[in-house]
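Structures incoming, each one as structure tokens.
What follows is chain A paired twice: with chain B in the first complex and chain C in the second.
What follows is the complex of A and B.
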């Protein structure tokens, strides 16, 4: 799920940027440093939408660098266990399939794909029901439930399932 | 950490910080990111270089999965859903997935039946009906 939250960060600025454009330098450095990063606690920082306040700077002993506490608003993407969302299938193999929901990768193991769907290899590997009516392959859109997240310092990885009511393929790219 | 072990969106356990934060539906994120993308294109000579992979992937994703394209419709969805005493997170899951039946809605958002907010399935159906009307007249 996407959230709009306020975060705080201490920004270090080199003395050469001190002057009229100090604020602009600070904001552009903030965007460069923060956008696109991922933390286990807040998820992926997608975009900064505004800067609330810039606190008083503190001069570092010995270096002349100044640290400013900056409060900013941003859009983050944070997946949760138990959350249901839609995703695009990116890769299918006999172990299961990978899907992407925005910046996050989700793996659905073949144990968590309904039992009536069989793996078919070939140049377009896919999972298909015995009557051929439902097919999961690359670029399919699926609705899945996140059952586990693995969070490390710079990445979030999810395990999902489509073995539940109202989950599974929502659109088949070959059907269009 | 014990707090993280208990995380479960189905029971609305997403941590205090996120529970109080403003959730965004995919269609709202699409509006924000597209606006920001346009701004970048105007102000920077090399916009592609400025955009992170996370931004690009998110933009593609929300464009693909936005139920409502028109900004007025997006505003209406939030307005309609906010009449039903939903938590931010519940509201956004409903807005993103647009379930068609009460049964589907309860499967998508199991926490919806707690706190006695909906007397019966009809009450949920009514809300879903309101939602689909916005889509129809978009």
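What follows is the complex of A and C.
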């Protein structure tokens, strides 16, 4: 699920950036530092949409670096248990398949794949129904439900299922 | 409101769930502490009793009291049984010795110390039918849910196990476990290839063909589910049967004792407070105090017609039955009086249905009269109390309108002032009561009521004045 929230961060700026463009430097550094990171609490920071305030800088003894407290708005993405996501399959093996929904990785184990789909090994491993009408392989798009998340300080990993109504392949790359 | 279906429920669930319970698994199983099957016996015995002292129960069942207590504690944990512990003196003993308080741990067989008079803690137990019903339903629900979840693999996180070192992983570790060389999971310890762990419930037939094992497991689960359905069918049926019945409630030990002893006195047995007597005496008879509650239900039924009318017109106003109204209840009785008058006014304004209702109550005339009499009487009492403070001046002010409005009544009153109060009052009340009943036809009824009600109040005031003067 996406959230638009306000976060705060202490930014350290090298003295060489001091000058007219200090603010721009600060914001671009913030974007470089923050976007794409993941915190267990808020999820993945997708994009910074604005900077609310930049506090007073504090010169650090000895280095000359200056620390600015910065408040910024950003879009974060945090997966939740029970959430339905659309994801792209990245890897298929006999244990199941991995998929990505944006920054988050999801593993679907083979017992959470419908029973009528069987693993086919080969140079393009896939899960296929017996009549061959539905096939899950690399780059397939699937709709899945998250049934478990592991949230660490800096990463989030999910396991999902496609063994439910309206879940499964939503487009077949080979058919296109 | 019979206990019987609930007893059947208890017996069924005892046999279904507690048949092979051996409580106290940590203890070595000697012949004596082996209490397999005891659970069923105890529950059955409890269905034939209400609150019972555990010692008595132990004696009846020829069990050691400790053994019984252990079983009962288990049932208490299972929420089938409520227990109560109470300190009591041994038979005929007077309360004595603070040191005895130290021995209050657990109940003892009464003969232990005759010379030392002690406070014993006696434990009582009773089936908690309401909770049993919920517990059994919840248990069945959980059983089914577990099996179904297993069957459909819903929300279950696959576990993996390393056959070499026995280390376990689950699907959440998948990202770390996947190896670059081949497409399977490898143990972080020994780099052995992990295998998916087959189910916990079904037998662990090490799956050579993974799919095969899965299929077999599914069949097993399905079979288990089916067998469960079949075997628990009588229990489910009993649950359904019991669903709409009112659940027998024995209340707390104290409440039950009060009821039981009251019923006992009614039956001629004068065991007032002796719990052992009461528990033995009425252990077998189902719900001895039910009669009382029935009486309570019946009394409002006697004037039920009136209550109905009121609940139709003045919606949801709680009307106290007249026998409940005592002198202390100023507010409620006042409320009731107002409601009564209002509803009568509404009736007067003309709903045919209402008067029809009234008509249909002709058989109950006598009861109605009596009830109304009681009501009016207490109303009068109440008003008197309220007007105790207001002095003589109010008398005059209230005298004048009555004499103006209803000369007959006022004359009565004046006569009554000289004569004895009680007779006067009685006469008035009877007259007033009979009037609406006799004039029961549709047209008269409204008029009568409208006239009568204010009359009544004025009359009451008059009565009050009489009282004051007397």
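Note that the second predicted complex is superposed on the first by the 166 of 176 C-alpha atoms of A that agree within 3 Å, B and C clash if a C-alpha of one lies under 4 Å from a C-alpha of the other, contacts with A are read in each partner's own complex, and residues count from 1 in each chain.
We adopt the following convention: a contact is a pair of C-beta atoms (placed from the backbone, for glycine too) under 8 Å apart; a residue touches a chain by one contact, two chains touch by 3 or more.
Note that this is a predicted model, so its numbers are computed, not measured.
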Requested in this report: Look at where chain B and chain C land on chain A after superposing the complexes, then choose clash or fit.
Outcome: fit
Query raised in the report: After lining up the shared chain so the two structures overlap, which partner does A:143 touch, if you call chain B first and chain C second: first, second, both or neither?
Result: first
Requested in this report: Quick one: name whichever of chain B and chain C touches more residues of chain A.
Outcome: B
Requested in this report: Scan A:129 for contacts with chain B and chain C and give back first, second, both or neither.
Outcome: neither
Query raised in the report: Now for A:163: first (chain B), second (chain C), both, or neither, which partner does it touch?
Result: second
Report task. Could you tell me if A:80 is touching chain B, chain C, both of them or neither one (first, second, both, neither)? Result -> first
Query raised in the report: Should A:120 be classified as contacting the first partner (chain B), the second (chain C), both, or neither?
Result: neither
Query - Minimum distance between Cα atoms of chain B and chain C in the superposition (Å) - result: 12
Report task. Please write out, lowest number first, the residues of chain A touched by both chain B and chain C across the two complexes. Result -> 149, 164
Query - Touching residues on chain B, where the partner in the complex is chain A - result: 4, 7-11, 13-14, 17-18, 21-26, 28-29, 32-33, 36, 52-55, 57-58, 61-62, 64-65, 89, 92-93, 96-97, 99, 104, 107-108
Query raised in the report: Touching chain C in the complex: which residues of chain A?
Result: 91-96, 98, 105, 107, 109-112, 115, 118, 125, 147-150, 157, 159, 161, 163-164
Query - Complex interface listing, chain A residues touching chain B - result: 1-5, 35-38, 44-47, 49, 75, 77-78, 80-86, 88, 100-103, 141, 143, 146, 149, 151, 164-166
Report task. Using the touch definition up top, name the residues of chain C that touch chain A in the complex. Result -> 152-158, 160, 171-172, 174-175, 178, 183-185, 196, 210-211, 214
